[in-house]
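Both complexes below contain subunit A, partnered by subunit B and then by subunit C.
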Partner chain A sequence: MDIPGHTLQRDKKGVKARLKNFAASVPLIGWFLGFMGAVLVEYFLGDLISYYLGLPKIPVLFGFLTVLKRPLLIPGTVGYLLVVYGLPILIISKFLQKPANKLAGFLAKGPVTIAALVHLGLFYAALHLWADLSDYRLLVLKLTMIAIMLTLSINVINGYMGEFSCSHPGFMALGAYTASTITLLLFANDKQFGDALLPEALGPYLFPLVLIAGGIAAALGALVIAVPSFRTRGDYLAIISLAFLFIVKSLIENLEFVGGPRGMSSQPHYSTLPMVFIVMVLCIWIINNFVRSTMGKALNAVRDNELAAESMTVNTRKTKIITFMFGAFWAGVAGGLFAHVLRYVNPGSFGIQRLAEILAMVYFGGLNSVTGSIVGAVSINILSEALRPLEIYKWIIIPLLLILVMLFRPTGLIAFTEFKPKELMKPRQKSLEG
Partner chain B sequence: MALLQVDNMTHYFGGLRAVHNYNLILEPGHIVGLIGPNGAGKTTIFNLISGIHTPTEGNIELDGNSLIGLQPHEIAARGLGRTFQNLLLWRHMTVLEHVKMACYSQLGYGIWGAFFGSRFCHQEEKRLTAKAMHLLEIFDVGHFRSQLAVSLPYGAQRRVEMARAMATNPKVLFLDEPTAGMTPDELNRMISIIRKIHAEFDVAIFLIEHRLKFVMELCERIQTLVFGEVIAEGTPEETKNNPQVIEAYLGREDIH
Partner chain C sequence: MDLFLQNIVNGLQWGSFYALIALGYSMVYSILMLFNFAHGDVFMVGSYIGFGVATALLGFVALTGIPLPGWLILILTILFSMFFTSFVGMFIERVGYRPLRDAPRASAAITGLMIGIILETGNLAILGARRLRFPQLVESATYQFGGVYVTNKKILIVGVSLGLMFLLHRFIQKTKWGMAMRAMSFDFQVVPLMGVSINKIAPLTFAIGSALASAAGILYGLAYPVLDPYMGILLGWKAFVAAILGGRGSILGAALAGFLLGFIEIFVAWIFPSTLRDVIAYSIILLILTFRPHGFFGQAHSTQLRL
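Here is the complex of A and B:
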């Protein structure tokens, strides 16, 4: 009697185990190749496939928007996702499993930098093609990358150092306004700042310096908070940094030369996809280097026990101030990019709602973890875009999700892990069980 | 000249006089013990010397340089390592990270090296890992290297904490009740470990302890502290037979 059930159970287990086995035996580059393949399929055949599946156009964000607006299109959308993404990724990673492993093995022998560049290049190429299909996709992708930078930089302060800082949107605003002012002043003919002072052609090349200036402005703002508040711990910083957020916001609202509450617009189009991608990769790389070094581990020591850290020769005050400025710097850089992605900023975009978004991304993804920050930023960002048709209900679903995560994993999805690029890129030997 | 010298140190917490006219001379290579009833101010003296509190009056010199007004991390970097009575380990850090962390002042690279992961930074990290592993082997906790320190058995946690203190390259090591909560077996092991580091690292040791067996066996000189004042100082033999010490600390029964 129970034999059929038993075999079914075993079959199910077998399939699951085999899938797991398969997933574990494909190196990262194999997945990237699969993704590239899927993107190519969509690029060349996307219109055709969506036509045959009865969809009005290519589903831009994995079909969430289409499905939520017109539920009848669910089968078509699911079919599209399977044909365009599921199948190519599976087939390509299956067929290229051996060569991909060989390639990964070859890359692992050389310097890490080259391996990383190859991976990133391939990934970027795929993303570029993917975003090429729709402007909306491109915008979401850029904003997601900026969200990753914001999440990671606040994770350094709230996760690694264990302080509770609420002023991240303020730092972002400082960066955004500083960068916008500089580009409008130097490279654009603007009604507020007059003619461009430098030739416009120089703009894109000097844009990284502009971003750094924005970051430095944010870091100086952080110094203003850090000096008085780091003598105490805990709630005080939260309160002071929240106050700082409001001070920055009302300061900008009342500064007429940056447009006051109307904001600034017509920033030049400098935040291109490659620019955002490169800055994001640099941000991840630098923050990851820092938090993995002994100097960066000092943050954890300060968080877990400041007295012990101090007695073990760690200059805790300096560590805290530098880290706070470091986190603020990257928030400023992200703000500068943000202003040039939307090509419009106003004080309203740096309020308490932005703070809630950033905090949700950090705590959802996981404290003290680079991987967690990336996962949190991508999932919350994509989700909040995808649920846009639900309008106000979006703000019920996302917090609900956050509550569930907090209930079952209080420190976030992927907390307290180290992000090791070398491990990630290494070849996966096919397991002997087959 | 004395390695560590404390002259007429007095400290008030508000109106409470916690330590009064405290003097200490610690010669290189000596082991001195500090005993006294609970609340006598033993840990306060540790905290005063290691810079966590600044004494109201008095002077502290390490190797002829005054320590007054220095931050605790500066004092630690000058060669004063310490452990804590209630094991201040870092919750989310592995054993190896604990010991490497204590080498913070010996890091050769700066903040930019850490940001950009310079070659020199990686070399330094390797050097510190080797040093930390050597220390962990000495304290017999090398096999725990990648475990979280707080997940270890109690005795091992104590040894990790001592390894961490030794990683700061101390000239003077302060041990705050190194045997608190230990079984007799672990106690004997701790005695041999302290002897070993004393011999191997040529470090002077100043320790707080409640167990007389431990103090009598290890220390060359013992100070007895009662209500913030030293009432007796001498060899273990002298201390054991001092009537004042017996009355204040060991208990009156011995006399009758």
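Here is the complex of A and C:
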């Protein structure tokens, strides 16, 4: 006898399992190729498709903005997402599954660096095309990348080291102001500092050095906090770093030569997408290596039991100070990029509000995890852009979401995992491995 | 000399807000070893509740024609809004802190922070962006002692906050509940085994802290009558600094540090250009903490992060 419901259920399960199987058998490079295909479809056919689906223009941020503003366009937007993103990604990753696996297997034999470069190159090309369609996308993309850097760098302190630091906006401000001052002084003709001291053409090439200078300024600021606060354990850092945040903000407001409360503007346009992308990749790579090094292991030991770590020959004080400065350095670099993305900074953008945002991203994504930081930064950033049409209700929905995450996964979504690029890039079919 | 005394009076007034708010931080910290980052916004909510109660009472007077004197309305306002705001505190404990008692401590701090944001935005969504004027319940009068001018509001603010602190002190030292709270702050993992329920003590702590914050909110509304949804942020974080400065978990320390912070801010603004207030005030605090890492009355103990 046939029981229709039974077969139906099995069918459903079958589809789900097949999708799962399929997803597990496509290597990372296959997904990247699919994404590339989707972006190409959008790039060349986007206008046409959106015209036939009755949309006024290409949905900028996966249709969130359109849907929230004009609910009548929901079917069109969903259709657009399916046609432009869903289908190409599925089809390409399906048809290129075998070659992609072969390619991944080939890359896995060579050095990791080359494999990583190929993956990143492909990913960057897709992102570049994706962002090419609108300036808004470009801005969101850059800010998301900067948020990833900030989240990672605070995860080193709050997650891997297990302290509660509140001064990240302060470090960011130090980096932003140092970098802006240098570029405005050296490479730009502006009202604040007069004519450029160096030829303007040099600017983009020396910009990495400027960013490093910003990072060093932030790291020196961190030293000021670290020396007194790591003498005792506990919540001491929370308060000192908070006081530091107030001091930095107020100091900048009082320094007339960097514009005081009015801030600095007209920074040269150095934070291009490739620049931000390269710095972000470097940041992920270096931080990932740092937390997996002996130093990183020592750091976890200090967090879990300082006394035991000390007796195992870990120099706890040195470890903590270096780590704190390291985290601050990357926050400073991110701040420098931030200033040159918006091309305007004022002390108001580095206050308590920004602190809440950064803390939200790191605790949402997950402590002690590079993957978690990336996920947290991307999701909170995209969410807060996507929910923009809801105006202030956005700031009820995002905190509620975060509270729910905290209640059900108190350490964040993806916590305590290691980020292994080699694992990510390996081929996904058993026969092709090795 | 007159200016000096005048600034002492101003510092007392400004410090009593910090002290009242810092008490809430400190009490929660002493019992649960957690920061309640929503506390600054509880202060804001308390102020708004006070506004609502005062408006309702004034409306009642206007409607019925029963001539209630201003001071009675003020006392009723303070009492009613302390009562109502304590439920806000208990709600925060129930939703954000009780489920996370065994989680990493930072998680509870984040829920607190997020509840704070929800309170701010919720207020903005319900009442809109207009700023409300706190009703003036008492006629202002100025007295002159030598060259020092003291308004009756200043006396009222300092008096009420000192009175509340005294009551809190008596409550904690003399009552059975206070004894339970003291025991809990000694060791919140063992004391529940002795029959003191942490599920009663923790809400009580949050309720008392929130009630004090509400009183601070009303007094603040008397002195600076314009209310806005974000008024709790800066005041709250600064009071948090005061709570730590006083020694983590020390009630007396929190009150003293609150007043000290008020004095420092007022005097810095008097001696230096007022825009430098935060730089110098917080540098002084950094210095104090460098030499006395545990605050004024804190004990030297290390806390292990429960990660």
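Convention: the second predicted complex is superposed on the first by the 427 of 434 C-alpha atoms of A that agree within 3 Å, B and C clash if a C-alpha of one lies under 4 Å from a C-alpha of the other, contacts with A are read in each partner's own complex, and residues count from 1 in each chain.
One rule holds for everything that comes next: a contact is a pair of C-beta atoms (placed from the backbone, for glycine too) under 8 Å apart; a residue touches a chain by one contact, two chains touch by 3 or more.
None of the values given here were measured: they were computed from a predicted structure.
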**Prompt:** Just subunit B (first), just subunit C (second), both, or neither: which does A:G37 touch?
**Reply:** neither
**Message:** According to the stated criteria, A:I286 is in contact with first (subunit B), second (subunit C), both, or neither; which is it?
**Reply:** first
**Asked** Of the partners subunit B and subunit C, which touch A:P228 in the superposed model: first, second, both, neither?
**Response** second
**Request:** May I ask you to decide whether A:P427 touches subunit B, subunit C, both, or neither, giving the answer as first, second, both or neither?
**Result:** neither
**Asked** Touch check for A:G335: first (subunit B), second (subunit C), both, or neither?
**Response** neither
**Message:** Quick one: is A:D304 in contact with subunit B, with subunit C, with both, or with neither? Answer first, second, both or neither.
**Reply:** both
**Message:** Which partner chains sit in contact with A:G175 here, subunit B, subunit C, both or neither? Use first/second/both/neither.
**Reply:** neither
**Complete:** Dual-contact residues of subunit A (subunit B, subunit C) 303-305
**Message:** If we count contacts the way the header does, which residues on subunit B are in touch with subunit A in the complex?
**Reply:** 50, 52, 71-73, 76-77, 82, 84, 88-93, 97, 100-107, 109, 111, 114-117, 121, 125, 128, 164-165, 167-168
**Complete:** subunit A contacts subunit B in the complex at 285-286, 289-290, 293-298, 300-301, 303-305, 307-317, 322, 368, 416
**Request:** Show which residues of subunit A lie in contact with subunit C when the two form their complex.
**Result:** 158, 162, 164, 228, 231-236, 238-240, 242-244, 246-247, 249-251, 253-254, 303-306, 352, 356, 359-360, 363, 367, 392-393, 395-396, 399-400, 402-403, 406-407, 410-411
**Request:** Spell out the part of subunit C that touches subunit A in their complex, as residue ranges.
**Result:** 35, 95-96, 99-100, 103-111, 113-115, 117-118, 120-122, 124-125, 233-234, 237-238, 240-241, 244-245, 248, 273, 275-279, 282-283, 285-286, 289-290, 293-294, 300-305, 307
